[in-house]
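Below are structures written as structure tokens.
First chain A sits with chain B, and in the next complex the same chain sits with chain C.
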Partner chain A sequence: MRIGDSPRLLLLLAMADDELILGHRHSEWTGWVPHLEEDLAFSSIAQDEMAHARLLYGLALDSLGDEWDEDRLALGRPPSEYRNAVLCERPNRDWGYSLARQFLYDTADDVRTQALLGSSWKELTEILTLVRMEEAYHLDHARTWFRRLAEGPVAAREHLAAGLESTLGEALAIFEPLPGEVALLAAGDLPVANSELLAAWLAGVGEELEAVSLDYVLERHSKVGDMVPTASGEMEDEGPTLSVPGVERVRGRWVHRGGFAGAGGRAGKHSEDFAALWGDLTGLYRAHPGVTW
Partner chain B sequence: MVKQPDDPVSAAVWDALAGVHDPEIPPCPITDLGIVEDVRVGDEVIEIDLLPTFAGCPALDAIREDCEAAVAAAVPSREVRVRFVTSPPWTSDRITPAGRESLRTYGVTPPASDELRTCPFCGSQNTMQESQFGPTLCRATHYCESCRNPFEAFKPKLIALEVRRPS
Partner chain C sequence: MEVWEVLGKRAPGDEWAVVGAVKAPDASMALLLARETHFRHKEGVAYAVRRRGDAEDAMVTGAWPPETLGGVTDRSYRRQEAYAGVGAKLKRVAADLAARGLRIDRPRPPDLREGGGAP
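Right after this comes the complex of A and B.
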């Protein structure tokens, strides 16, 4: 049975699935991060993100039939009904990659949730007020390490830069237009269009990259789009391209010129990496529906 | 922050709730932690609204069950419904002075909005933050340069807590 496609539901699922899927990736660092403090950090951030997904799923359940519950919503959908951005489902690769992704995702999530505080949907603004108080710690973590790696030894800076090059293109697609976005904007549920959110985020990230002289990653990053890293981490080696799809610097400000790499998540289209993640995430639920502790 | 009950049943409910503790901070009653938002005493049903400190706190279910059991024991004639609500958001300034003191005796520095964290062992303010994260979602890890002990501090959580922008 399909879950339905009301604009409000798809707005919630986009955000909740981002948090759930990236939270799952972060949780894969538990026990494996190079040092203890970061093990605690990624584990805690994962725990927060899954809790935020839970709050948003709870709001979604208000408009769904009795056959839906929290577990079914989180774990009982086929892959094509998950609406997370493709960026969130990519395997962790190395810690520099994970940190770069956390930086790009959480800065984007900050822009998105800040704007949604102005939504006419009261229950959503209440949840996001709470969520943002906890996300402040994620942002602080991301920015602290972003600066520390960027200004650190050459190896650290290179790991960060490589992570940013690999993730920037797909990070743009966090702001891929939502199905039903026109209706969301008309109703005031979504107060700012995704295209405007993207412009604000890209300009801000551009400034943060320029502050540590890493803005070159916006011009030279690994090619993404149809060519995707596989679950084994292999990538086609076609060398760097000269521009991120649709990004250029205009009068000192990075702007989006249209087009997304790795788009499709908001429409339920995912990379092959999602299949393995979905299998891990939902395996217990599918084998034992309704199981409890 | 602890509200004054205005009738005997309410008083009994609040007394019962004052006997419930967060299992991750055993000395601090939940009434001093400031997570009891509302108690509504009806003729047949007692409804209690709690606020999560951090949304992902794994102790929430245990706290809810402990509240139900404690209130049901104190007022056996009525049904008890306990739920967590998200509005208003819990903030760390809801912790009472008594709650802050119980944190300190447990070895956890109470939340502070400034950068200074007092070592719970020697009282020095010559401390540094090791990480924003710690053994539970509500605590950060610090290090005391004076007595050279690692310690934990309850994270400040405020609506107005500004996200630190790059300088």
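Right after this comes the complex of A and C.
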């Protein structure tokens, strides 16, 4: 049974699935972070993200039938019904990559949740007010590490820069337009269009990258543009890839040019990395539906 | 890497007390990690760090307010409760199985430690 495609539900799933899937990736660091205290810190962030996903799934249940619960929303959907951005599902690679991703994701999430505080959907704004209290800490963590790695030693800076280069295109796709976005905007559920959120985020991240002389990452993206590869799924007629806007510096400010084409995570199209993650994440639930222990 | 003592206050009127230590390269990282390793579960309302060996008053206090220190969302899902009452659970399952004429006993693995007795 399909979960449905009401615009409100897809807005919630985009955010909740981002948090769940990135939280899962973060949690894979548990026991492997290069530094014991940081291992605890990063694991805690992973748990926060899953708690946030749970709150949003709880709100989604209001519009779903009795056969749905939080576990089923988190673990009982086929891969094509997950609406997370592809960025969140990529394997962790190294610490530089994971921190670059955390920095880009949490700054984007900050822009998104800040804007949604102005939503006409009161239950959502209440949840996001709570969530943002914890996300403030994630941002502090991301920025503390971002500055530290950016300031060197050289190897640390190189790992961070390589991580930023590989994640930037997919980070832009956090702002891929949602299916039903026009209706969400008209209803005031989404007070600001994703294209405007992207502009706000890019301007801020551009300044932060310039402050540590890593804005060449943006310059490189502007030269090559970017295609976000996704696995071929059952919706092949929509094209196998999502292409994201380019970026350029105009009057001292980083802006995007062009729009999105094709379909990515927000339309349920995922990368080849998602299948293995989904298998790990949902295996127990699928093998023993409804199990308690 | 330097060792930083972690200090905290359980309640607003309390004196600062040392609650542990973290390794960190500088004060800002020490504060970040102290918050996470010692104040994650509502253990206090204020926190600070001090480089080991520094003067008593060379404390750097953390910026997070008491309302958000320790988190604000429901984390009950993190509690591992499956092992609570495991002895009683085992007895219940064993009794269920015995009623069906089954046993869940199996030989203990050999003790391979030096000087370990025969099983």
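Operating definition for what follows: the second predicted complex is superposed on the first by the 263 of 293 C-alpha atoms of A that agree within 3 Å, B and C clash if a C-alpha of one lies under 4 Å from a C-alpha of the other, contacts with A are read in each partner's own complex, and residues count from 1 in each chain.
As a working rule, a contact is a pair of C-beta atoms (placed from the backbone, for glycine too) under 8 Å apart; a residue touches a chain by one contact, two chains touch by 3 or more.
Please read these numbers as outputs of a predicted model, since none were measured by experiment.
Participant: Sharing chain A, do chain B and chain C clash or fit in the superposition?
Facilitator: clash
Participant: I'd like to know which partner A:Leu190 touches here: chain B for first, chain C for second, both or neither.
Facilitator: In the superposed model, A:Leu190 contacts neither chain B nor chain C.
Participant: Look at A:Leu202 in the shared chain and tell me whether it touches chain B only, chain C only, both, or neither; answer first, second, both or neither.
Facilitator: It touches nothing on chain B or chain C.
Participant: Does chain B (first) or chain C (second) touch A:Ala211, or do both, or does neither?
Facilitator: first
Participant: In the overlaid three-chain picture, which partner chain does A:Ala136 touch, first (chain B) or second (chain C), both, or neither?
Facilitator: A:Ala136 sits against chain B and chain C alike.
Participant: Examine A:Ala16 and indicate which partner it touches, taking first as chain B and second as chain C; both and neither are also allowed.
Facilitator: After superposing on A, A:Ala16 lies clear of both chain B and chain C.
Participant: On the A-aligned overlay, A:Arg148 touches which partner chain: chain B = first, chain C = second, or both, or neither?
Facilitator: So A:Arg148 only meets chain C here.
Participant: Looking at A:Val86, would you say it contacts chain B, chain C, both, or neither? Reply first, second, both or neither.
Facilitator: neither
Participant: Where does A:Leu160 make contact in the superposed view: on chain B (first), on chain C (second), on both, or on neither?
Facilitator: Neither chain B nor chain C is touched by A:Leu160.
Participant: With the touch criterion stated at the top, can you tell me which chain A residues are shared between the chain B interface and the chain C interface?
Facilitator: 37, 40-41, 44, 47-48, 50-52, 54-55, 130-131, 133-134, 136-137, 140-141, 144
Participant: Write out the stretch or stretches of chain A touching chain B in their complex.
Facilitator: It is residues 37, 40-41, 43-45, 47-48, 50-52, 54-55, 110, 126-127, 129-131, 133-134, 136-137, 139-141, 143-144, 147, 208, 211 of chain A that touch chain B.
Participant: Tell me, which parts of chain C touch chain A in their complex?
Facilitator: 22-24, 28-29, 32-33, 35-37, 40, 64, 67-68, 71-75, 77-78, 82
Participant: Which residues of chain A touch chain C in their complex?
Facilitator: On the chain A side, the touching residues are 35-38, 40-41, 44, 47-48, 50-52, 54-55, 130-131, 133-134, 136-137, 140-141, 144, 148, 293.
Participant: Can you check the complex and tell me which residues of chain B touch chain A?
Facilitator: By the definition above, chain B touches chain A via 54-58, 86-87, 89, 91, 130-135, 137, 141, 155, 157-159, 161-166.
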